[in-house]
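Heads up, the next two complexes both have subunit A, just with different partners, subunit B and then subunit C.
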Partner chain A sequence: MILQHIADGILSGAIVALGAIGLSFTMKMLRFANFSHSELLTWGAYSALVFLAFFSSFGGFFDQTIGPFSFGADLLLAMLCACIATSIIALLLHRFVFERLSRMAGHMTMVFASFGVALTLRHLVVLIWGSDPIYYSRELQFAILLPGNVRVMPDQVFLLGLTVVVVIALHLFMSRSRTGIAMRGVAESPDLARASGVNVDRIITWVWAIGASGAAIGGVLYGMTVQLRPELGFSLILPLFAAAILGGTGSLYGAVLGGLIVGLSENLSVMVIPTTYKPAVPFLLILAILYFRPEGIFGERSR
Partner chain B sequence: MTAPHVLEARDVIAGYAPDLPILHGVSVHVDAGEVVSIIGPNGSGKSTLVKAIAGLVRVSAGNVRLDGRDITGVAAHKLAAEGVGYVPQTGNVFATLTVRENLVIGGAPLAKAAALDRIEEICTIYPILEERMHDKAGSLSGGQRQILAVARALLTKPRLMLLDEPTASLSPMAAGELFDAVRTLAEGGAAVLMVEQNVKAALRMSDRGHVLAEGRNRIEGPAADLLADEGIGEIFLGFRRDAAWKEGAG
Partner chain C sequence: MIGLVSYIVFFLILSLIFGIAVLGLNLQWGFTGLFNAGVAGFTAIGAYTMAILTGPARDAVLGGFELPFVVGLIGAMMASGIGAVIVGLATLKLRHEYLAVATFGIAVTIQLVCLNWEYLTGGTLGLIGIPNPSKAWADGPLAQNALYLLVVLVVVGLTFAALERIVKSPWGRMLKAIREDDIAAASLGKSPERVRLEAFVLGCMIMGLSGALYVSFIGYVSPWDFLPIVTFQIWTMLIVGGSANNRGALLGALIVWGVWTMSGFVISRVVPSEIQAQGGAMQAVLIGLILVVTLLIRPRGLIGEELHVSRHARS
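Moving on to the complex of A and B:
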């Protein structure tokens, strides 16, 4: 039983980690808590639906499911397009809302504005796609039985594999590429980065694009393994913040570890507390980490 | 016609808030191969002046010229590419990044291959950086951090180097070595504008000096003359006419 909870915790933690990466970086670099970030998961998931319909219309190769999975090449291409579409949404929000507010008002105003943006994005989803749950595929899947009587769906194995690939790709990007290194530099000290010749505005564009793409992938994977509903992002808002704060803002590894801890804590908690209280676990984690280590696991202690 | 100064800041009014200027019309110039020190009491606007020149603080009036070209309001990262090196007073390295990554960031305005070649060149000048290449900058000593900060600014071969209290929190020996490095930089043709709290040491190694007070130019002249002027210590810097100041002039 406990092994099944651990497996479920890792799987839900992977989605949280993908969403928390972008949130963690925007919190560190733009110095505000963006409550609309979780809605990018929703928009990623729903925009993939549009591209899925487009690619499915070609039929043939696009329409065929891959191996034991419930999806075909059409959903993978749709996920890629959803990353681009969600990045464009995030960059528009940055350009027309957050960047302007950062110049004209304080960070607290930006936080409140992010609440407004979140509500708008969520209700736009209801307006366009309705409030009923939607599925990418209604293909029946059979669970794979793993040692320890743990059952996972093939799509969940794909979810975990893709998350690992995304995290490794981001690790290589952040540690090997000049843009990635500059991104970490901007996260630590924007002014020093500017004076060193780094175009901070270009780096911030990268941060939004990477964060939104991670959110889109997380949203599509959630939709693939659970279902699409307008509250998808809203239901993940606390876990995302808990993961970002727990890992330490601005840290890729922190966001991933934070996501896994949140996912595991939520799923293991149901062994000792009623399931009704499961959503409170991330909140308790936020309180605990702020009390004992406010800078997070990988965060730098401010002097 | 005479060649323009490498740096000429004229009647600069600047500050962190639009209606609250720190600098009230400050002027300063630096020529190639020259070291100019900016001295003055705390709160006189020394660091703000350097930040305004580096493009990090908005200049609301007056202008800043680099080799005669108006660079007022130009973004800091563009100035770095134009040959303005800046070493801030505090937080002058990316502590969570390795020495190599700090240098890679310093080479941002250069093409990738050129930046890597330049990092190799810099490491021959400062071998300690080669030794500590893969260590976190936060683990370096104060002196090593300053060397890294100066090295990072040198990557683009700046024509103008701005140093904000480069010897702060350094041991006397490390401070001496850093001043030697600054002198060498100027001898190589760079113009150096330096803010220093260690007034006497700074003036001893400078060609000229400017005394700022309350965001305004008060006195300027050859560094040797400023050192010999006992009144400066008393009026602007809080020194008494004591033996220590006279000793500094010698």
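Moving on to the complex of A and C:
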């Protein structure tokens, strides 16, 4: 039983981690808590639905499911397009809302604006796609029985695999590419980075694109393994913030580790508290971490 | 004509009840700079306390005290205040955006408790049969509502007058000093932590008062009345009206609640009934856009903070 909870915790933690990467970066580099970040997961998931309809209309190879999974090449291509679409949404929001506000007002104003943006984005989803749950596929899947009587779906194995690939790719990007290194510089100090000849605006564009793509992948994976609902992202706000704060904002590994901790503690909590209180667990984690180590696990203590 | 009058009375009651919560938030954010993203949670505490204190006896649920209306209001404020002391002690040391995240989480947790602690809150069904004092004083819905509006007006008037006095008092000036620069305030021998806690608790008590007036008017309380969207609505009211201005807070409540109900009315007439559920989403989109557009084109709100120059500085 406990092993099953751990497996479920890792799986939901992976989705939280993908979303938290972008939230953590924007919190550190743009210095505001973006309450609308979670809606990017929703938009990623739902925009993939549109691309899925497009690609599956080609039929044949695109439409066929791959191996034991419930999806085919069409959903993978749709996920890629959803990353691009969600990045465009994020960049438009940055260009027309957040960037303007950061120039003319304080970063708290950006937080209010993110409330408004979140409300608008979430309910636009209801307007366009309705509020009933939607599934990418109705394919039946058989659970794989792992040692210890743990059951996982093939799609969930894919979820975990893809998350690992994304994190490794991001790790290489951040540590090897000039852009990635510049990004870490901007996280440390935008002024110093600018003085060293880094084009900060270009880096911020990258931050949004990476954050939104991570969110879109997380959203699609959530839609694939659970279902699509307009509250998909909204219900993840606290887990995302918990993961970003736990890991220390601006840290890739912090966000990933934070996501796993949040996923595991949510799923393990049901052994001690009633399931109905599970959504409060990320909040308790936030309180605990802010109380004992406000800079997060990987964050640096400011002196 | 009677229909329109009753509608206006009904509208004013609800928007002024919202207005009270906005006044509470204004004390916290407008004057003290405390980012409370959990307004719905504190109105919920007040609402449930009112329901428990004044409501009838129920099977398997705490209650049956049937206390008078005013005792219920005071009890609601006390309960929200106690909740605020606990929350404030745990979170007020946090930086702005962390305080926002933490208080947002508190509101979510309070809503979960409302939903699940059946002995206290009646669970998903909520609590019904909460007495409305105006029902005992007058006959007919219009006269009753008009009387209740009078009660609400008195409460709004008292709250407004008290807050105006408070923010102009030395304590009120200290709030602004802490909002602007808490290190400078501390260097003058003030205690920012203590003052922040006081302002937070007082603001939350006012939110609890708003919740209590709401349940007595509606007659029941349910956990679905305190979803995070309520917090966003109240914030939008404050931003639109103008923070750090109590008149602005009330004006914002009237305007935003006006837009909300008018758009709801238009949608119910124009939108076909099959997609009425989507109509609510249209209202929410509108509120979100109003908030963002106000911040972009008029960040001070309609009537923002009045600038004061110390009379000692004038020559």
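Simple rule for what comes next: the second predicted complex is superposed on the first by the 303 of 303 C-alpha atoms of A that agree within 3 Å, B and C clash if a C-alpha of one lies under 4 Å from a C-alpha of the other, contacts with A are read in each partner's own complex, and residues count from 1 in each chain.
In this text, contacts are C-beta pairs under 8 Å (C-beta built on N, C-alpha and C of every residue); 3 or more make two chains touch, one makes a residue touch a chain.
Not measured: the values here are computed from a predicted model.
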item: Room on subunit A for both subunit B and subunit C (clash or fit); value: fit
item: Which superposed partner A:108 touches (first subunit B, second subunit C, both, neither); value: second
item: Cα-centre angle that subunit B and subunit C span when viewed from subunit A, reported as a multiple of 10 degrees; value: 90
item: Partner with the higher number of touched subunit A residues, subunit C or subunit B; value: C
item: First, second, both or neither for A:200, with subunit B first and subunit C second; value: first
item: Contacts of A:192 with subunit B and subunit C, given as first, second, both or neither; value: first
item: First, second, both or neither for A:184, with subunit B first and subunit C second; value: first
item: Lowest inter-chain C-alpha distance for subunit C and subunit B in the superposed arrangement, angstrom; value: 15
item: Where subunit A meets both subunit C and subunit B, residue numbers; value: none
item: List of subunit C residues in touch with subunit A within their complex; value: 35, 37, 90-91, 94, 96-98, 100-102, 104-106, 108-109, 112, 115-116, 229, 232, 235-236, 239, 277-278, 281-282, 284-285, 287-292, 295-296, 299
item: Touch list for subunit A against partner subunit C, complex; value: 27, 32-33, 35, 97, 100-101, 104-105, 107-109, 111-113, 115-124, 126-127, 130-131, 237-238, 241, 245, 274, 276-277, 279-280, 282-283, 286-287, 290-291, 294
item: Subunit B residues within the subunit A interface of the complex; value: 54-56, 75-77, 80-81, 86, 88, 91-97, 101-102, 104-109, 112, 115, 152-153, 156
item: Subunit B-facing residues of subunit A, complex; value: 178, 181-182, 184-185, 188-189, 191-200, 300
